[in-house]
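One structure below.
In this document, chain identifiers A, B, C and D correspond to the written order of the chains, with residue numbering beginning at 1 in each.
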Amino acid sequence: MLSEPRAMAKHIEPGMRVALPVDYAGVSMAMTRPIIEHGAGDLDLVCVPTGGLQVDQLVGAGLVRTVETSAVSLGEAGGAPRFNAAVKEGAVRLKDATCPAIHAGLMAAQKGSPFMPLRGLIGTDLLRHRDDWRVVDNPLADGGDPIVLIPAIKPDVAIFHVPMADRFGNVWIGRRRELAAMAYASRTVLVTVERIVEENLLADELSAAGVLPALYVTAVARAPQGAWPYGLWGEYPADGAEIARYAKAARTADGFSAYMAEAQMEPA
Amino acid sequence: MLSEPRAMAKHIEPGMRVALPVDYAGVSMAMTRPIIEHGAGDLDLVCVPTGGLQVDQLVGAGLVRTVETSAVSLGEAGGAPRFNAAVKEGAVRLKDATCPAIHAGLMAAQKGSPFMPLRGLIGTDLLRHRDDWRVVDNPLADGGDPIVLIPAIKPDVAIFHVPMADRFGNVWIGRRRELAAMAYASRTVLVTVERIVEENLLADELSAAGVLPALYVTAVARAPQGAWPYGLWGEYPADGAEIARYAKAARTADGFSAYMAEAQMEPA
Amino acid sequence: MAGVLPREVLICTIARLLDGVRHVAVGASSPIPAAGAMLLRAMKEAGGTIGPRISILGSVEHNFFTNGSAELFDCAGQGRIDAFFLGGGQIDGFGNVNLVGTGDYPRSSVRWPGSFGSAYLYFVVPRVILFREEHTPRVLVEKVDFISAPGVSQDGVFRSGGPIALLTGKGLFRFDKTRPGFHLESVHPGHDLAEIRQATGFRFEHDAEPRQTALPDRATLDLLRGRVFDELAETYPEFAAQMQRDLGTVDA
Amino acid sequence: MAGVLPREVLICTIARLLDGVRHVAVGASSPIPAAGAMLLRAMKEAGGTIGPRISILGSVEHNFFTNGSAELFDCAGQGRIDAFFLGGGQIDGFGNVNLVGTGDYPRSSVRWPGSFGSAYLYFVVPRVILFREEHTPRVLVEKVDFISAPGVSQDGVFRSGGPIALLTGKGLFRFDKTRPGFHLESVHPGHDLAEIRQATGFRFEHDAEPRQTALPDRATLDLLRGRVFDELAETYPEFAAQMQRDLGTVDA
């Protein structure tokens, strides 16, 4: 089960649906370049529930067919330049969503259900552009009461980064339970970690409470500072200057290519 | 927010819907006698997802109107005597369920949704006797594909026991996340704990991972050995002899009354 | 065969029925199914391959779940549980299971605990093994009084799982969902067809001369009585101790 | 009033709009709404009562959630969040909010990040405060190009929440969902009705002579510049530092 990022990237095949976490939950930036090197394209990204740097770089590298998301941005560093350019050019297909709709779709997959109902959404242009979402009258009401059904989201692959895993493949996700939701819903789960610990994380109730069990994990690779330039909760803060440097460089396709070609793949 | 069991029992009013956890998740046996002394009846119990000693004692005390559950038993000690007698006499109304249906109903409440879909169930006599469950054709399928919709379960009160809480009302539930599900779904949440700790359980990522935040907690009371004679995960095992002693005593209504009247309310 | 306990035959039969599964879930008070799963794992590992993952509900040692009691059902719904065991106060010839009680529901004359997760798991776990040591007309009935979980479903009902076999203290039946019904596959040592007919309340298919349930070979028995009983003792100490006592009474 | 910064007026106005809430959620990069919530809490506590619980998304200090990024929405769906803030690239006179982009969707000429949770929270949080400092015809438009979240819903659509006010750098509007539309409630110091008319792309109701937005009294200002700025500095250090610098330029 122990692997390394380049080997893990080989799990990704063209046309796969790939789930990626929100910027503060634990983005495996360490996987970004290996995925790009591996080169499998036509990916359908699912941002859980929003995307940033990693999504922008995969789009910039031309690997992305659709983006299902509630938002894509670089936070304080502004809009996501390659994503926004691709939107303007029509180079990626958008499946604009709202955060709880993404969560609902994953929850449906987690539960083995074909859909989950979700309040809200009615009257939005999000709903108008989503032919996979369905409005029905609540069958448990006396009539009327329209409600939206979100179909199950079943990613082929989920990829994220967390502080630690044990030798048995148990992964410590702490309170970032959207990572568990992604894993439950996905067929293949690739995790990078700051460190591998010797003890079984399930053996102690305190650590077990924050564990995604090995049962759901396909492969784990050690990647110190693996979320950089994003931060990792409880470990290190985001490197705002580096994200801003990327944002500036990636305003043009050439600038993006130059940035990505830099040898430096680790924090300074 | 810090209270004690008798004061907490006063939150329970006649006719309320009360959620109680499965025997191994953390049953607040320390609340059982205070609830019986308090005497609010016509309770609609929701077992999450099965019940045992506490349910049997509340039924035996005549406080229970309906029991929604996937099972009631005393485990190794056999059937639940007062519950089974009440069933035979028709003294409690049954809402027989299956474990994931209880979880689905709570999840619907957690999500603010009117229902959750659930596979299975079709062709069972459980479904035949549940007029609150509804079969619809899956609106996302091309036709046919019947599926059951479970309405939201919104308990008035949830009651459980865990190892610890902090002074701010944050409650440590570890990996027993059905306790969180109960709390999310319920209006009032009453928790007994082995101990109150000084440090803020949310301040450390390791302990925070297993915390039900104070946001969802109405009151906390210290009750050492509060699950006894049930065990508490990570703390102490069940007292099988005591459960067997109860099972034997409660075969008759008189035996039950004699048992409950015993002064001893703590483990020997 | 002298020297093999009836429960050892059951355990070895379960190991055979589980062959090929990746993940098997076992109920909290099910030592024989757990032993079968552990035996399969030990056999696979002795053969140099990977054995099944075993989740024992309610056990701390074998609890691989961290998302509360809903996780087993989620896990099954995701297709991550290949095999599960169901007992039943009544089991009928159509594979229907009754875990609720006898007589007129809801005022059952005999009330059993309840359906637990059966009404869901029976639909979504590919290999459900019906297991009940007691083999009497009281348990194996023509028609259950209450359907906790149906053996088969109508066309068009989502169903990725269901019963594959019924194992009792007397024999092993295979379930044929196309008929639907049971076929007596083998008779355990010390029992015979006539006895099974008398003890079974439903009609079943059988060969003219049903074969005897296969007995474990020496290597299997050694694994069982060694590693597996040791593992079993961690979770089911009383059962393991009883088995050791029973072994003392036979020519093992 | 000399000595009160425009952003202090905004913060104090937000505190007033939040009066009575038990739990307010604030976005990750929303220092002014967060300051308003913190000010209300400080005022309540100074008055001997309990202030609102404040959840700041993405903050570690003010993160009371332990169930991942879905918990905010669950919590709102449970009715446990009384107030929330929404910005918007465009906001129109019907309270519709556009967080997606301008021009023909999906090939937006200007693309903003996206709708985030607005398409849900706007429906279920009772007091949504629309907050955008920029008050221009570019932002406050007659009709949004894309409805991320609608200001009002048709009868029969489940809706327990929605907009109550729109606060900008120039003034405060109340939302009347029965018309539906905005009513200019007050004008911030240094601005006037004519300016607001010119800067607003949608029609709105107003009194002939709108009153000026209420200014904080000395006690409130002391709380704000003391305890609240200290609290704010933990989560929004740059914003708090900027406020301190700005304060140095006025007669405070």
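The rule is simple: a contact is a pair of C-beta atoms (placed from the backbone, for glycine too) under 8 Å apart; a residue touches a chain by one contact, two chains touch by 3 or more.
Going by UniProt, the chains are A, B, C, D = CoA synthetase.
Everything quoted here is computed from the prediction, not taken from an experiment.
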Contact-richer chain pair [B-C vs B-D]: B-C
Geometric centre distance via CA averages, subunit C-subunit B, whole Å: 29
Mean-CA-position distance for subunit D and subunit C (Å): 60
Distance between chain centroids, defined by C-alpha means - subunit B, subunit D (Å): 40
Centroid spacing, where centroids are CA-atom means, of subunit A and subunit B in whole angstrom: 36
In subunit D, residues with contacts to at least two other chains: 65-67, 73, 77, 124
Shared-contact residues (touching 2 or more other chains) in subunit A: 100, 107, 111-113, 118-119, 145, 147, 175, 180, 208-211, 233
Contacting chain pairs - touch in the sense defined above: A-B, A-C, A-D, B-C, B-D
Residues on subunit A engaged by subunit B in the complex (per definition of touch): 100, 104, 107, 111-119, 134, 136, 138-141, 145, 147, 149, 151, 172-175, 205-211, 233-234
Subunit D residues within the subunit B interface of the complex: 23, 53, 63-67, 73-80, 124
List of subunit A residues in touch with subunit D within their complex: 22, 24-25, 48-50, 69-73, 75-76, 79-80, 83-84, 87-90, 93-94, 96-101, 103, 107, 118-127, 129, 144-147, 175-181, 233
Interface residues, subunit B side, partner subunit D - complex: 109-113, 180, 184-185, 202, 208-216
Of all residues in subunit C, those that touch subunit B in their complex: 28-29, 58, 60, 65-73, 77, 99-101, 105-109, 111-124, 146-150, 153-154, 156-158
